[in-house]
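By written order: A, B, C, D and E. Residues from 1 in each chain.
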Amino acid sequence: MSLQVNDLRVYYRTLKGDVKALDGVSFSMEDGEILGLAGESGCGKTTLGKSLIRMDGRMRHMGGTVELDGRELPIGDDRRMNDFRFREVSLIPQYSMSAMNPTRKIGRMVRELLRSRGATLDLDELESRLSLVELPHAVLDRYPIELSGGMKQRMVMVISTLLDPSLLIADEVTSALDVSTQKAVARALIGFRDAGFVKSMIFVTHDLALTSHIADTIMVMYAGKLAEKAPATAIVKKPRHPYTKLLLDSLPEVGVRYTEKRLAGIAGSPPSLLDPPAGCRFRSRCPIAGEECVQEPPMAEIEPNHFVACWKA
Amino acid sequence: MLKLDNVTKVYKVGAFGGKVFAAVDGVSFDVQAGEVVSLIGESGSGKSTIGKMILGLASITGGSITVDGVPVKPGKDYYRHVQGVFQDPFSCYNPVFKADRVFQMIKDAYYPKLGDKEWDERVRSTIRDVRLDPDQVLGRYPHQLSGGQLQRLLIARALLLDLKLLVADEITSMLDASTRIDVLNLLAELKERGLGVLYVTHDLSLGNYLAERTVVLRRGTVVEMGATGKVFGDPLHPYTRQLLAAVPRLHAPWEDAAPTQTCHYHENAASGAMFEAEPGHLVACAQLDACPK
Amino acid sequence: QTPAGQASPAGSAPAANPANPNSLPRNETLYTSGTQWGPPANFNPLREWDYATGTEGLVYESLFHFDPNTSKLVPWLAESGSWTDDKTYEIKLRQGVTWSDGKPFTAKDVVFTLELGKMETVPYHNIWEWIEKAEAVDDQTVKVTFSKSNYQEWDFQLYGRAIVPQHVWEGRSEQEVLDGKNENPIGTGAYKYMSHDQDRTVWQRRDDWWGKTALKMEPKPRYIVDIVNSSNEVAMGLLLQKGMDLSNNFLPGAANLVKGNFGISTYYPEAPYMLSANTAFLVLNTTKKPMDDPAFRKALASSIDTKKIVEGVYGNLVKPASPTGLLPQWEQFVDQSVVSEKGFSFDIAKAKKMLADAGYRDRDGDGLVENKDGSKISLNLIVPSGWTDWMESIRVIAASAKEAGINVTTDFPDFNALVDKRSKGDFDMLINNERQLSNTPWTYYDYMFQLPIQKTQNTVNFGRYENKKVWELVQQLDQVKTDDVEGMKKVMSEIQEIHLDELPIIPLWYNGLWSQVSSAAWKNWPSSAEGTPKTAPTMWRNWLELGGFETLTQLQPAAS
Amino acid sequence: MTALQEVPAQDAAAPAGVRREALYFALRNGKLLTGFGIVLTLFLLGLLGPLFLSGTGSEYGTQPMQPPSAEHWFGTTTFGQDVFTQFVYGLRTTFVVGAMGGGIAAVIAMLVGFVAGYRGGLVDEALNMFTNIVLVIPTLAVLLIINAYLGVRSVGAQALFIGLTSWPWAARAIRAQTFSLRTRDFVDLARLSGANTWKVITREIAPNMSSYLFMTFILLFGGSVLIASSLDFIGLGPTEGISLGLMLQNANQWSAMQLGMWWWFIPPGAGITAIVGSLYVANVGLDEVFNPKLRET
Amino acid sequence: MRRYFGRKLLVYGLTFFVAVTINWMIPRFMPGDPVSSMVARTGASNPAAAETMRVYYTNLFGFDQPLWKQYVNFWGALFQGDFGISIWVFPTPVTEVILGAVPYTLGLMIPSVLLSWVVGNWFGAYAARRKVLDNTLLPVGYVLTAMPYMWLAVLLAWGLGVVAGWFPVAGGYSFSMQPSWSWEFILDLLHHWVLPFASLFLVALGGWAIGMRNMIIYELESDYSNYLAALGAPQRLIRRYAFRNAVLPQITGLALQLGVLVAGALVTEIVFSYPGLGSLILKAIQNQDFFLLQGTFLFIVLGVLIANFIIDIVYVVVDPRTRAGMAGAAA
């Protein structure tokens, strides 16, 4: 059991009150598992990713625990968390384009970073990893500005995984890329997992189709809570949560034409996380909502490894 | 209706415009009334530049763009018939003003004499046309509205005019999957009203969903164009094929595109010559036969 | 609180270290300032307006000195001089005087110096309008023959002209004489050039100076460092820090320095603290209406609250001027009966009445009088921008004139612009004090009344006052022998009468012979106290001959 | 010195709703409140003070060189002038110079910055060149020359000269901001609604930068005050009236330091420092208010 | 990069041209001319003598030639380092007067600018580290930077010079000293240098510290800092990077500030009567010495331009982004 998240609550402090961006999230991940995290914008995906490695100044850990490889991550304690970062948990940020110090040559930056973490640079290893993502060795001698977007993205990937972390969080790493580059990056990620550079990975995206290609398990979030978590094929083929279903229905696949099959979106909009309504949060948009939905639905394992938080599932 | 003929756009880059860079190079296609044409290509291929040239927001270096035979001429008269909607709905609204200012600007420019009441009625009905509740959206600041709502308001704004052509530049890429489809459906309805729509996107599945015809753009030149069914169903150009192969599909595994090492489409495409593979299906490749399908 | 007596070891003049040739011993060095307002740029005694302090007086000497206390010429390079007849003056020179390069000083040098004046640009060029010739009778005798005997002016030349060595100056072009820097000056004086920098000139005593034996005089300071004024406050700072011994600057608030326990003194222990050096005049442009009317001028004079200037602006550092404008040193020449009859004093009511009597009335009820023809009067009074005490003063003048009903405005053009306007006569009123104390009041009257009026009036009669009668009297005065006091008085009484009747130029106050001394290193400074020297405590140009040099010879090291 | 620092380009606009939020933070930002508080106090003193004072501070009094007392709060000068009265009037002048000089500079900076940033291309090149030229010329030296040659007789002329020379850094900063705003879609949209360049700049771009422009003005204001005081001190100040810089100059010229009249030269300098310093502090406060990143949570 | 420098040089060249032209123009269009003040100064009462002098000086200053020729001659003379003859210190050439003052000004400027920059940056970076420091050091910085240069100078002169008597408050070296290469003299020089230096240093220090603090806060918020923090890099490393990147704008800031710093040096020199360019300018103004004023002005412009250019070179050396040719557009 690699990662165990229990009833995690992380709020943002704001003027108007706490934004309950993560409001009781529990799930677990196996070694070697790639977990795809999907959901509408603002549902808390990034928040979850950040909570596991480094919370920013406005985030507050309000409860719940995270265990990685049997050890509890002190996620609310920035200082203690430092020991885990990079070695145990690592991150490929959304902002890869600007994640590297613009005034240092990449090689030097990597060396300094590693030294500061008490590790030495294994040049051969680095080189082999670079070639895995099809980067020439010469990039180490360049400044970030001299690299293209895709190259930077891959370079950051290599850097983040240099210490072979147990858990890698990849937040929207492909959103800014072209379909073809996106594919290459996605494959590289799988390659990293396969090569054992990372044990497990949380792949955050809002692109369900893409995540279905990468992830072993897909977790769908809605308004700060988990809606459904199941093996990728199960989610795509047999979604159980009405939200997941509607979401999938609104995706125009290549080949689907307006004239032939008219798709429809989900009416309404998600509730404010400042003061979310009690009970099922999808209730107001849910076509099949009923009385019981006033109560908050528990996460139930309706099939092996298929968890759904819906009374009607 | 809209006609691009050998359109070129050269940007001067570097100090004092020391270098030139052709963002669009010899592009020709047209858009008919009541038709959606999707313009597809990777980032930097020149899609937005074409859109901007049509809207008169960027000058045209070479070739010609005409709407109903009239060349692009930025100004009130032109914009009465040609309007655009852009990628980022949030950046289309001046954040310090209320969202309905976009309507007010239209009124000030085009209907200064119209009574406030009459105008208000008109706005409300148009907003209902884009399937929004006027009471919910009017009088609010942009950040109080969702991306989908904002995007629809922009379309409504365009509809207040005597519109013939709408350039929709990546209008859905910032939207959530669930709202995205509604906006797309709205575009499709426009074409049913007889408008021409140029739909710019890098998301092939969306182009496919909506458009009658598709133009595939690569590094400023058209590599393939034709009826959407043909282009997607039977892509001829290796680049189109590669692009299609990279699109993740829900129910199908990623397929590997045919190896393209033997193909020199870059060089050929640069010539700008198009070959009609079948009626209405043009490809910029001289060696189609040599290409493994 | 400002530290009073304690000299700071960290002051600008660290303790002397005689072993070091680069550091002057404090107890043998005199620090002065107040004369030099720019870097010492030349040592050319003919550039009377900007030679480095001491060039004349310390290095170059004149034939005579003049003692203002006795109004007598004091033989200096000359042993004696006398009129052998009405048109001939004979000078006997001292024996054994040598130039600092060892060459003997002879009559030829004197003749050469006088003849330099034949060059047009030499400041004393005009003496050749009334001197016929100058010749060396022998090595020790010079005979000067006059075409017109201007006795008064000649005395002025006798002590005012620095004699230059012929063997060095011979062959210099007019340009070199006019503009030459004359580096390494060779003179007969008690000091020789040692060094200079942007902000100082250093003089070193000549131990073989002729005066030691001939005059029985020896200036006490071995070194004199004349510090270039950067500003008055710096001078004051140095003085307070005991880094300076003699400040000839105008130090506002000097009265406080004297009264407070700062170890600084002036000639008088109370007001006016200073000897008087020159008169500040209000110059009226008499070519303009209504200043062409003596009645108006006199009314204006009565409207000026000089007392307020003296007390408020200067804190009693200056004295109100006598209506004649003649310096206190010339008091004997003032005809008191004329003054009491025709003199003016501050009296607003009287001024108003005089205006009304003369036909200047306030017709439009704005409190200000108009011209006789009803046109408005607006007089612009100017002083150079940045001359703060004057700027303050003319504000006072304008205010009190307004009270009397005369509309006076103030303006502060830049100095250049002012000079330009002044010389072209393109002004209403201005203040000027460019004439200094001299051996004769004639210099003052020459300044006030000189004719004919030129296109540009550069140095005299800025107001362009034309009165042939008074100018003739002035010329007449020039030709009165300088020892004929009664004769001088007679002419001057007539001049004074006209002056006070006409008042083309209004005397305001006497500027002081600014002089603040510190006794930290040197004592026995001149003062009004008994038993102290009564010579002029100053290094100002032309004043070393008026007693400034003698002051140096009376100093005593404070330590002794 | 902050005055001339190029402020790092910030996320250009603060959404309107954020305005209320900004107000919320503004009212809780100690720096902002203290800064503006001090400036306002001094401003009111300068504005209203003369109403309660007799004279303009230039009149001679009967008690020269008095240290501060109940009668003369800040003591008197060598001429017996009341230093406090001068201080109050000096504040007025100082605020006028700051507002005018800063205002003129801000207007030029905005014109140049907006046009260069919005039009781009050759116009930008030319304006940029112009800006750079004015930027590298040492301003005070130029002011010295101009003032010395032409003479400054009034506060207005002084402010004008300062305004004409102190805008370049601000123009550059505004240009950079405009540059980033110009690519925003709402600018294009405005053009699609038939708005011309002037309208786009004034109605779309400027309102978006209002907080930034305000901050720029504050810095220009402070800079003007400092430059003016330097000019006054050198003797190139206005010849009529009194300003804090002129007070300093007078104190210096009349040897206040040597005579131990600290009450003469401390208030004017302290006044300038207080105004400029408070403005700078308020500016940081504003920055924190408008820039969420800098807010303390 | 060549383009970058070419552009810079063009700006500098134009600036110089403009400065020279303005400089040449203004004295020729102002009231009162130097010649008449020269003549007035000599006190030549004799009209013939005055006229002779007028002709002589007009000729000497070249005012008798047509304007265009004066302009051309002005440039010609300039390139020979000839700024004409000073009126105030007539007949010393302006160049000589300036060269006498320059060492003092440079001796003040260079150490105070560089040291304040270095120390200020260091302080700013230090302050940005902790809330307490931020809240204590920064207000001091603000007060310093908001101080008029001359006021701090007056305060220092009064406090440490007049009251405490530790330092002299005027001049470049003691009047009892003769310049030489002795320790005594050098110590004396330093003794006089301390206060003017300190006042320049302190005011500038505040500005740099604040600038640095603000820059560093921005840098610490930047993506690369966040990334490093997320990878558990110690604060030391992050700060080092932030510092380095924050220093870059400070270098540009230095170029922008030069004019202000020069101005500060000028007024400070005036307070301390330090015999540098500032005092010279004051004298030139007071004495209407336009040739000297022109000379000092051009000298300062030239100095600032050269300094700017040096800073440009330094900037290119330390910022890889310029070398990559990206910053070429931002002149």
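Just so it is clear, a contact is a pair of C-beta atoms (placed from the backbone, for glycine too) under 8 Å apart; a residue touches a chain by one contact, two chains touch by 3 or more.
By chain, with names taken from UniProt: A = Dipeptide/oligopeptide/nickel ABC transporter ATP-binding protein; B = ABC transporter ATP-binding protein; D, E = Peptide ABC transporter permease.
The structure presented is a predicted model; accordingly, all values stated were derived computationally and were not measured.
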Both-way neighbours, i.e. chains that touch subunit E and touch subunit C: D
Result of counting contacting C-beta pairs for D-E and C-D, higher pair: D-E
Separation of subunit A from subunit B, taking each centre as the mean of its C-alpha atoms, in whole Å: 31
Euclidean distance of C-alpha centroids - subunit A vs subunit D, Å: 49
Averaged-CA centre spacing for the pair subunit C and subunit A, given as whole angstrom: 93
Subunit C, residues touching no fewer than two other chains: 1-2, 231, 237, 240, 386, 413-414
Sequence positions of subunit E contacting 2 or more other chains: 30, 162-163, 169, 286
Of subunit D, residues touching subunit C in the complex: 58, 60, 64-65, 78-80, 148, 151, 235, 239, 250, 252-255, 257-260
For the subunit D and subunit B complex, residues of the former touching the latter: 13-19, 125, 184-186, 188-195, 204, 207-208, 210
In the complex, subunit E residues that touch subunit D: 10-12, 14-15, 18-19, 22-23, 26-27, 29-30, 139, 142-143, 145-152, 154-155, 157-158, 162-163, 169, 203-204, 206-208, 210-211, 214-215, 217-218, 221, 249, 252-253, 255-260, 262-264, 266-267, 270-271, 281-282, 284-286, 290, 293, 296-297, 300-301, 304-305, 308, 331
Residues on subunit D engaged by subunit E in the complex (per definition of touch): 1-2, 4-6, 8, 128-129, 132-133, 135-142, 144-146, 148-150, 169, 222, 226-227, 229-230, 233-236, 245, 248, 251-252, 257-258, 260, 262, 265-266, 268-269, 272-281, 284, 287, 293-294
Complex contact set, residues of subunit E against subunit C: 30-34, 36-37, 39-50, 52-53, 56, 86, 88-92, 97, 100-101, 161-163, 165-172, 174-180, 182, 184-185, 188, 191, 273, 275, 279, 283, 286-288
